[in-house]
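Presented sequentially are two complexes of subunit A, the first with subunit B as partner and the second with subunit C.
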Partner chain A sequence: MAGSLIKIDEEIVSSAVASVTLGGTDWDSSYDVYMVRINNVLPATDTVNFRLRFTVSGSADDSSNYDRAFKNLRGDTTFGNTSSTNADHINIGGLGTTGQEMSNAILYLFNFNNASEYSFCTLEATTRNDQSHLRGFQGGAVLTVAQATDGVNFSMDSGNIDSGTFVLYGLKK
Partner chain B sequence: MAGSLEFIKSTSGTNVASIDVTDCFSDKYDVYKITLTKWHNPSGDSNALLRLIDSGGSVISDNEYDNAQLALRSYNTYPQDQATNTSNMGTMAYTPLNQTYNVGAVIYIFNPYDNSSFTFLKVQNANRHSSGLLAFKGIAVHKVAEQITGFNLYSSQSATQDVEAKVYGVK
Partner chain C sequence: MATLDELTTEATAEIEAAKPLYKQVNNERLEFTDDDYAQAITDLANSKWQEQEFGYIQARQEAYGSIADQLDMMYWDNVNGTTTWKDHIAQVKSDNPKPV
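Up next is the complex of A and B:
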């Protein structure tokens, strides 16, 4: 029997790149819900923030219309609440270059093909930050523009993505 | 079209002190999804704790893990728990005293077979407690870069359990 988690796009970074886009020209609009998995994502520059944007016609939307709210699970200290409104990206955690300070996460994308709705995502991450502490954002984000979106774009706020695997799936209707 | 969530193996046990799920991680996948649907304990309330199994088949019980968990309770506040340099990856499921309620847990494990990478985990579960619903959201890391080939589930109360789990690869 055919499965229902269908791979749409995959990017494996083995030499540094400024950003990774899943979808865009590879986007398949025949799904209502999408899943993204990322693993082993490391930055090229120490002490940076890993960030996410949605794409419109294949380009990252950098308008100041992203809201996010996360519970930040922490292995070494009290958990935090992390939120922002009207940002030009979604900060999904701090990373570094020493001590396996990497990101791994599962995201779900909603309403991306609906031009009259906002695009939402949920995110559950398990990472090590730039101080080698266990961290994990758990929550959601939204791009508060009623428009169709066609992918996601990952980058660091400084420097390149050094390595990592990024995969986009559709959940079959 | 073939799907990208591929069944690897199922395991179950009755009245077992712990259960080893061996040889379920390989170079075929980077990320694994595990469902845990049964965690019965006839002798006391019990958390299902998880440890990894190394390429030699040994359960890793050294203090090589960090974990963090938020408990969500229908009947009370949401306590948090975190640990560094501890001996397990946290609570994967829970069952109350003398009950045979089923549980629901979804666990993701990242990079286990890559011997140059730490192994990361995230878990979300929902369980019955004697006072209501008890759910956990958790994360963990095994802080040694080594090849991991399986995992072990055991009771926080050193009790015997009935267990049912399934492992999938996310291609």
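Up next is the complex of A and C:
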């Protein structure tokens, strides 16, 4: 159906920043499900992990309540599994600064406006990691706190995000 | 092995040296607040701790040959009486030692 994805927020990084937040004061709570698109995200520092947090009142929730489980589809060798529990962020893959070691991904966000349920996301990503190996990630994550959330925050575990496009859409009911 | 306090000191020095740091929100590039800087130090220290304690696991996973390659090594080791597979595993482990 035409017009079913409604753009809510867009952040284009052209000068390096340590973090990018989608939502916050731009958040529109009238949707049940949201989609996040990230394109060509490059770190400023080599061999870092790209990380995601959900935001509460516009600030990244750094509590140790994130669980994640991903299938790690590897171009160079056998597929693997990646998971963690009670982490203070969601690790969405290693990146580097040589040979277009960048991340591209689609996320869907669920229950973000419901204060009595956990906030979930699914993630489908294709990246080249810091060894220039292709990685495909498919999986999900949850913030195990019954609270409303109002956006997503991206950062590297060290150094800046050098460039990238981050877009938040609402899925029209 | 550094303690978390020592890594926090190291992280504080790195964040101080990297100032000013910026965040992008609502299409604005804003300098970090004091709270943001404090969070950045905590995050960097925790990241260093995780790498120190558990980084070898991911490094080993990256370095091990595929299951198909390892099975092939085992087959030929069995046929020829060689130790290629055992040597491969030992090399990956010694290249990426578990912290003690």
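Throughout what follows, the second predicted complex is superposed on the first by the 171 of 173 C-alpha atoms of A that agree within 3 Å, B and C clash if a C-alpha of one lies under 4 Å from a C-alpha of the other, contacts with A are read in each partner's own complex, and residues count from 1 in each chain.
The rule is short, and it goes like this: a residue touches a chain if its C-beta (ideal position, glycine included) is under 8 Å from a C-beta of that chain, and two chains touch if they have at least 3 such contacts.
Since the structure is predicted, the reported quantities are computational estimates derived from the model, not experimental observations.
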After the subunit A overlay, clash or fit between subunit B and subunit C? fit
Return first, second, both or neither, reflecting whether A:3 touches subunit B, subunit C, both chains, or no partner chain. first
After superposition on the shared chain, which partner residues are touched by A:11: those of subunit B (first), subunit C (second), both, or neither? second
First, second, both or neither for A:58, with subunit B first and subunit C second: second
Does subunit B (first) or subunit C (second) touch A:157, or do both, or does neither? second
Taking C-alpha centres, what angle do subunit B and subunit C open up at subunit A, rounded to the nearest 10 degrees? 100
A:71 in the overlay: touching subunit B, subunit C, both, or neither? Say first, second, both or neither. first
Upon superposition of the two complexes, what minimum C-alpha distance (Å) separates subunit B from subunit C? 11
Taking the contacts subunit A makes with subunit B in one complex and with subunit C in the other, which residues are shared? 77-78, 133
Touching subunit B in the complex, subunit A uses residues 2-7, 37, 39-40, 71, 73-79, 100, 102, 104, 106, 124-128, 133-136, 138, 165, 167, 169, 172
Complex contact set, residues of subunit B against subunit A: 1-6, 30-31, 66-70, 80, 82-84, 108, 110-111, 114, 117-118, 120-122, 124, 137-141, 143, 145, 170-171
Given the complex, residues on subunit A that touch subunit C span 9-11, 13, 15-21, 24-26, 49, 58, 60, 62, 77-78, 80, 88-89, 94, 131, 133, 155, 157-160
Subunit A partner contacts - residues on subunit C that touch it in the complex: 18, 21-27, 29, 32, 36, 39-40, 42-44, 46-47, 58, 61-62, 64-69
